[in-house]
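Going in written order, the chains are labelled A, B and C, and every chain counts its residues from 1.
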Amino acid sequence: MPQLTTTTPPAPAPVKRSTLTKNQLPGWAMWAVLAGSLILGAALSSLIGFHIATWALFSALIYVAAGYFVTLSVEGARKAKDRFATNLVYAAFIVALLPLVSVIVTVLAKGIPGLTPHLLYYSMNGMTGTVDNETVANGTPVIGGVYHGIVGTLLITTWATIISVPIGLLTAVYLVEYSKGGTLARAITFFVDVMTGIPSIVAGLFAAAFFGLVFGPGTRTGFVAAVALSVLMIPVVVRSTEEMLKIVPNELREASYALGVRKWRTILKVVVPTAISGIASGVTLAIARVIGETAPLLVTAGFVNSINWNVFGGWMATLPTFIYRQLMNPTSPTNTDPSAQRAWAAALILIIFVMLLNLVARLIARIFAPKSGR
Amino acid sequence: MSKRIDVKDLNVYYGDFLAVEGVNINIDPKSVTAFIGPSGCGKSTFLRTLNRMHEVLPGARVKGEVLLDGEDLYGPGVDPVTVRSQIGMVFQRPNPFPTMSIRDNVLAGVKLNNKRISRSDADDLVEKSLTGANLWKEVKDRLDKPGSGLSGGQQQRLCIARAIAVAPQVILMDEPCSALDPISTLAIEDLIEELKNEYTVVIVTHNMQQAARVSDKTAFFNIAGTGKPGKLIEYSDTAVIFSNPREKATEDYVSGRFG
Amino acid sequence: MSNTLTEGGAKGRAGDKVFSNLTLLAGCLILLVLFAVAVFLLVQALPAFTADPAKVTGGEGFWSYIWPILIGTLVAAGIALLIATPIGIGVALFISHFAPRRLAQSLGYVVDLLAAIPSVVYGAWGVAVLAPALVPVYEWLAANAGWIPIFAGPASQTGKTMLTAGIVLSVMILPIITSLSREIFLQTPKLHEEAALAMGATRWEMIRMAVFPFARAGVVSAVMLGLGRALGETMAVALVLSGGILTASLIQSGNQTIAAEIALNFPEAFGLRLAELIAAGLVLFVITLAVNMIARWIISRHKEFSGAN
């Protein structure tokens, strides 16, 4: 989108006022308004006890209002409205940026101090409130880590991927390549849409209810959690794969059929390879979406302090539930700082996982895209 | 390595809609036959029924017989896949497989069907097919480069090489030059001239000069109006169609009075 | 009758059959899973509906139990929507029509990344940073606007209130609304925009004349999808809100949402309590389902219109 500068082209001050530049504010006018607003805002703010937040708030309000009236008096009502809307859009952008920047800064500031090799290589096995109390009393480094949580997150996410990807891919192939727009295909499309909207906690409840009925109440293992995550992951995989298969040109399918190649081989050897970069990046994004899910894990995987490599037996810790538990039920109720430090470090690790997956998805899309170069 | 095609009373339907009606035509082996006619007259549709490619579209079906050296393509127990491996097809727009190299594109028919082929046999087949498509000299040094990196005309010849690599009896061409520039078109037309020494070639074209230049026989298709089925109006030697046609409609069309 | 056309087909055809059936099976499995979700939730939830009302939490039956937390869910999502909708549309407009092209692309990517930040992280940020920061604001509101019921004092001293939860939710759904709206804004036909500009319209007039009419349905559905996410969001609320009984004031502790209620109580629940929570999940499922279906319906209707133009 090219920038549409119809309002205030930065016109060099003309010697002779032409008809095209008359009734137009000079380029410095808005800067002057801004400076005035900042001063006035500071004054107003100090009336109620100066604070940087109130200063910014008052200055912004004054700037938006003053900008409107100044433009109104010189350039007319239409330009004034345009100025007002432009300022509001910029304001919305800044307001949106604040919390998002704050989230990132907080995670970095609070997470980096706790991000030690010890955190990565040790679990919380044997960690009690007493240990944390001693740590605080003696001022020694925090001990106890998230190794068990990383293991759990990776295992559960891997199993969720193993379940979701074949089902998702095959369903997408059915929808794009085999279905003829019949009732079944429309039902599947509709219910895949429905599945995208399932709240994650409900997906967790489903898995818990299902395994509870089949294997007895209170069955909680990593695998139950993987099933819950699959319910969330399958629709994402189906959707993205469907989109990618649809943009494979029909001409390629026809070319393959015309060579006497069977449909299933055409799909596996021509259609899917052509779309593979998009499919792979879609799957990666789906993994990124579920790796940070917390709610379904709380109700399906349980929580432990020790390492569990077996997804089919026993409770299992994960990074998100680790963060949640450390914040909600600190290891030592009296000295919560060590728990908070571990939680933020774990949050940083989790975000790094998610960002890496997003990055990998983009790389896959770029590297494996069909080459057209000469 | 070429067979004749005899079509008897063929009707083509899309769902309930009759698209092409009552075609009878005999196509000789080792000849070039051109289908001409205005847009929407069913010539491409009919061409696709000759190797059952129309079945790719949902709801498309035919009534009648298409005999390949006396064997009905639509007989019971006939697998469209087998039909297509004997009757190859080249499309309007060049469509090399983007994920494959030039070499793999030529071998696609073999490899996609999971047939085993030794390295030296494969090399021979690639050279033979590309030579047959007049492309060998241009690409022999870059066989491992992607096929989509070639020019439009080269891509179309690569598609022809891909088609002849599976050793078909018949090659169908659906407006093979309509997306190409004049020089590439000339190269393809020269190639068609050579292909007829080994294969039965059927070509659909919008370009009457092209039909006149390359074909031995020409079939003129026409349509009475929108929603009416397309019909084969006249089928004869190309020289007759263009100089002394039997039907008024044919004469009008080839002389440029409509269409 | 055998000839060159009929030989050697059977083996290959079996491959086709097996593969197509496999894909069909996968599709049906999805239907089955969704059906199972509904059935298992219903079966496990049934005791909550049929139990002696006195034994249900609260002592007055399931509907009296679910009612306050349902209201809480809607209020939290409502606050989130109220805040995120104008800002989200503003940010989308900024990226699509105001920001320089190069900046816009990377901003779009950053917004997509923010949508991927795990909800538990947003929750942790809400409880550690936002809630304490809002305490003075709540005190000021209680002192100066306390006569409005939703700002009635005394203000929470931890900041862990419904309003804080709503704000955290709005931050979470902001990237969703922004990225969907941005897509729609960018699809506005260039010709319409240029026609408006050629008439001497200012940028804002062009946006009102060309962009908004085209994008209205898409933006509405983006907001609906954001609403669906806000309704079902669990962790942010569970961490941020210091829950309790239904209260009108948004700046005191109290209120609860369905999702947080489930997450907080499920680990220790068994028997009837378990059934209650699953029934609550079912209610949540039905509501989000309705919201999402309305959103899809708006999108599909919009598609029919834009396809013709």
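The rule is short, and it goes like this: a residue touches a chain if its C-beta (ideal position, glycine included) is under 8 Å from a C-beta of that chain, and two chains touch if they have at least 3 such contacts.
Predicted, not measured: the structure shown is a model, and the values here were computed from it.
Q: Which chain's C-alpha centroid is most distant from that of chain A?
A: B
Q: Given the contact rule stated at the top, which pair of chains has the most C-beta pairs in contact?
A: Summing C-beta contacts for every pairing gives the maximum at A-C.
Q: Taking each chain's centre as the mean of its CA atoms, how far is chain A from chain B in angstrom?
A: About 51 Å separates the centre of chain A from that of chain B.
Q: Calculate how many whole Å lie between the centre of chain A and the centre of chain C, each centre taken as the average of the chain's C-alpha atoms.
A: 13
Q: Listing for chain C: what residues touch at least two other chains?
A: Residues 12-13 of chain C each touch two or more of the other chains.
Q: Where in chain B do residues touch at least two different other chains?
A: In chain B, the residues touching two or more other chains are 81-83, 86.
Q: Find every residue in chain A that makes contact with two or more other chains and list them.
A: Correct list: 262, 265.
Q: Please give the residue numbers of chain A that touch chain C in the complex, ascending.
A: Interface residues on chain A, with respect to chain C: 1-4, 6-7, 78-79, 81-82, 84-86, 88-93, 95-96, 99-100, 102-103, 106-107, 110, 166-171, 173-175, 177-179, 184-185, 187-188, 191-203, 205-206, 208-210, 212-213, 217-218, 231, 234, 238, 262-265, 267-268, 285, 288-289, 291-295, 298-299, 302-303, 320, 323-324, 327-328, 340, 343-344, 347, 350-351, 354-355, 358.
Q: So in the complex, the part of chain C that touches chain A is made up of which residues?
A: Interface residues on the chain C side: 12-13, 15-16, 18-20, 22-31, 33-34, 36-37, 40-41, 43-44, 86-91, 93-94, 96-101, 104, 112-114, 116-125, 127-130, 167, 171, 174, 178, 186, 193, 197, 201-207, 225, 228, 231-235, 238-239, 259, 262-263, 266-267, 270, 274, 277-278, 281-282, 284-285, 288-289, 291-293, 296.
Q: Applying the document's contact rule, which stretches of chain A touch chain B when the two form their complex?
A: 180-181, 249, 251-262, 265-266, 269-270, 273-274, 276, 370-374
Q: Show which residues of chain B lie in contact with chain A when the two form their complex.
A: Going through chain B, the ones touching chain A are 51, 53, 56, 58, 81-86, 88-89, 91, 93, 95-99, 108-109, 111-114, 145-146, 148-149, 159, 162-163, 166.
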